[in-house]
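Pasting a structure here, questions to come.
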Amino acid sequence: MEVIKLERIQLSSDLSISKTVHGMMHLSGWGLSKEERLTLIKEVLDTGITTFDHADIYGSYQCEALFGEALALEPSLRNKMEIVTKCGIVLESPNRPSHRSHHYDTSKAHIISSVEQSLKNLSVDTIDLLLIHRPDPFMNPEETAAAFDELSRSGKVKNFGVSNFKRSQFNMLQSYVDQPLCTNQIELSPYHLENFEDGTLDLTIEKKTPPMAWSPLAGGKILTGEDEKAVRIRAALKEIGSEIGTDQLDEVIYAWLYNHPANISVIAGSGKIDRIRSAVNAQNFRMDAHQWFTIYQAVIGHDVP
Amino acid sequence: MEVIKLERIQLSSDLSISKTVHGMMHLSGWGLSKEERLTLIKEVLDTGITTFDHADIYGSYQCEALFGEALALEPSLRNKMEIVTKCGIVLESPNRPSHRSHHYDTSKAHIISSVEQSLKNLSVDTIDLLLIHRPDPFMNPEETAAAFDELSRSGKVKNFGVSNFKRSQFNMLQSYVDQPLCTNQIELSPYHLENFEDGTLDLTIEKKTPPMAWSPLAGGKILTGEDEKAVRIRAALKEIGSEIGTDQLDEVIYAWLYNHPANISVIAGSGKIDRIRSAVNAQNFRMDAHQWFTIYQAVIGHDVP
Amino acid sequence: MEVIKLERIQLSSDLSISKTVHGMMHLSGWGLSKEERLTLIKEVLDTGITTFDHADIYGSYQCEALFGEALALEPSLRNKMEIVTKCGIVLESPNRPSHRSHHYDTSKAHIISSVEQSLKNLSVDTIDLLLIHRPDPFMNPEETAAAFDELSRSGKVKNFGVSNFKRSQFNMLQSYVDQPLCTNQIELSPYHLENFEDGTLDLTIEKKTPPMAWSPLAGGKILTGEDEKAVRIRAALKEIGSEIGTDQLDEVIYAWLYNHPANISVIAGSGKIDRIRSAVNAQNFRMDAHQWFTIYQAVIGHDVP
């Protein structure tokens, strides 16, 4: 495979991430031993990916520790990567017997204790980027801001952002928080256009806070779905893939996102290094407006006006 | 009953209101004599409530005068209260034979003449807070701003705000008006989440303009409704009520709003002093995130994501 | 017919347009010879209208040239008019065989070459106002801004704006573009209230960027439609027309838009000078709030709250 110079995206003065991000959401389901996890991390770093996306709750609160355990085998790798994690969701879990229900908690106390647990789990001293996982209808932004201040001062977190925030939520929280919210991690795929259509993506462009795309393949819905929409999208992906030079439909999907001017980074959440390499490889493909809209119009099911 | 120190909410440098507000919308339906209305006002003031919420149109243009008539019996009470009223809706009414239809009017002439009539009706020299009752699709914000200026200069109105405004409407009007719009009176209850979901509440937090909640009990829909949603909400209210220490479901509803970080004041519109005391008493209950979300999720009918 | 002093709307320090605008979208369908087109232009100018609204794509890329051909017969007319045109849509057309599909293109290269072709077609040296025709989900605002800069420097375009942009799209593009976006040309009619209701019109008022209304008669839907809504609107138009002094329903529709405080200019797109004169004449009618809301409520089909 040819050497790829993976693009980077600047999120703040001191943080850039790789345009492809390795997603850890399903790490606990990949059935890997500690050593195999270390091997995977090294193979991923070899592709040029340097950013790993976590959340406290992934794998019912287990994934961070599985990653940290592997990282502890070779701690010098820490300096070659950026670690993103999230907090703010409280899940019922056998691993958190005190949790009474699934809800959100963006209080100062919860955010700080969640980060401290994440640091321990991940075997690291600092989080490069902490995201509030979901907009919290019960959020007290003064509490959230106070948590960010304390975590920033103590060096436990270097940068802050949000996930799944709509415009009013982003603007509201930013108005209370001194640190710039440097990204919004949102669902973006050519199956799920909500954030393209409701102004969420527009705000990331306006505020120059490049978004991170979760579920870029729509959880497999595009590649394997039998609904009319999925079938329509696959036909378009195939057509455009043949023009840009790949018969891998996932590469066409990634390329559709990479070519968008919003500077989207894409979270590829596979345990198979070949799928990750495809996600990276897709950065080589250029798409023109005709090609991009051919896919877009297959998604919406009709011509643009 | 224990002595309650009722919380206050600062709306501007010179105006604070009580966290519970007495709503006058149905005053004309309570069948009270002038003396009974005076007694009710005094009993309400004894609870710690100091804010009374009016509108020109309440009771088909009758309620302000019924209040003013009682207040005139003991004018010194004026100094112990804040008076809120509204204008901008034109109703067909036997009391306004010149009105040809139900519509909105936010012209300078209408706003000023409406306020002058309100002052007369209420037997007071000044309105503490005037709200534009509804967003007016035919609004000329220069006219509205000119009315506010004149009313401000003459001392007839001390503070200004709006009611039922969405974000674009609030930002638009504020951009023309010199005075800060210091509140948005909106429908907020655990039956009607629209303003929680569409960004309206977010903007009140961002702009630090604490909202006033009208119809907090959803006009009785929660307490007596037989639809699936109401039944579901009541079950959650009962469960959380037993945790926080009350079997009065209205108190749980009020507490759900009081505990929200947006600094919501609640308009309790009952003629029965016991119901008003419940609304005040509910300020004693603290709710944690688990408890708040138990009710929230009963409303939306499914888990948060 | 009485002499009418047609109102003007200031869009920028150096651009005002007539409150009625002549729309060129259907010019190629009017079946006029070059000389007849010149006559029509002169008759339109005689009404007080000075603004002509074009787009590169009208008449499958033919209308601009049909206009320019007539204008070339009497080039001095150029100084008596403002020319608006648009770009950003790519259409499949026998006149553009290289176009592979219907899509948008707001790249620097496309905008500049589109404007250069428009100048040639229109037989003019400068465009008074260039609009991006549709919000482009694939827009790179840095490219668009660079195009505007170059067109501004070279004098090929004097002013810039957009069309059919929602709030998030307008704010996003403006944050990248140095020139003020001085209008948003949107669909506004008493059949199509979307832009009244979703905050688009509010933003034009907030930003003091007077909107231009396309399809004010809803493409004839109001005047000839047999659906319940059209029938309801016609009854209201008739009632209010008789009050303000006209039995021409199109004049009542235009008056409904002219009387709105947003400073709306109206694009009348007829090839019949009598219909254009009606659009101009409608500026003489004043509508009060009762009259405006009688039509508004006929549109929404129920009372305002």
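Just so it is clear, A, B and C label the chains in written order, and each chain counts residues from 1 on its own.
FYI, a residue touches a chain if its C-beta (ideal position, glycine included) is under 8 Å from a C-beta of that chain, and two chains touch if they have at least 3 such contacts.
According to UniProt, the chain labels map to these proteins: A, B, C = Oxidoreductase.
Here the structure is a predicted model, which means the values were calculated and not measured.
A.B. asks: Quick check for you: after a Cα superposition of chain A on chain B, what is the rotation angle, between 0 and 180°, in steps of 5?
C.D. replies: That rotation is 120 degrees, given to the nearest 5.
A.B. asks: List the interface residue numbers of chain B and of chain C, divide the shared ones by all numbers used, and answer same when the ratio is over half, different when under half.
C.D. replies: different
A.B. asks: Compute the distance, rounded to whole Å, between the mean C-alpha positions of chain B and chain C.
C.D. replies: Here the centre of chain C sits 42 Å away from the centre of chain B.
A.B. asks: Which positions in chain A touch two or more other chains at once?
C.D. replies: Residues 167 of chain A each touch two or more of the other chains.
A.B. asks: Any idea which chain C residues touch chain B in the complex?
C.D. replies: Per the stated touch rule, the residues are 167, 196-199, 202-203, 205-206, 260-261, 289-290, 292-294, 296-297, 303-305.
A.B. asks: Could you please specify the touching residues of chain C with respect to chain A in the complex?
C.D. replies: 90, 100-105, 107, 134, 137-143, 164, 166-169, 171-172, 175
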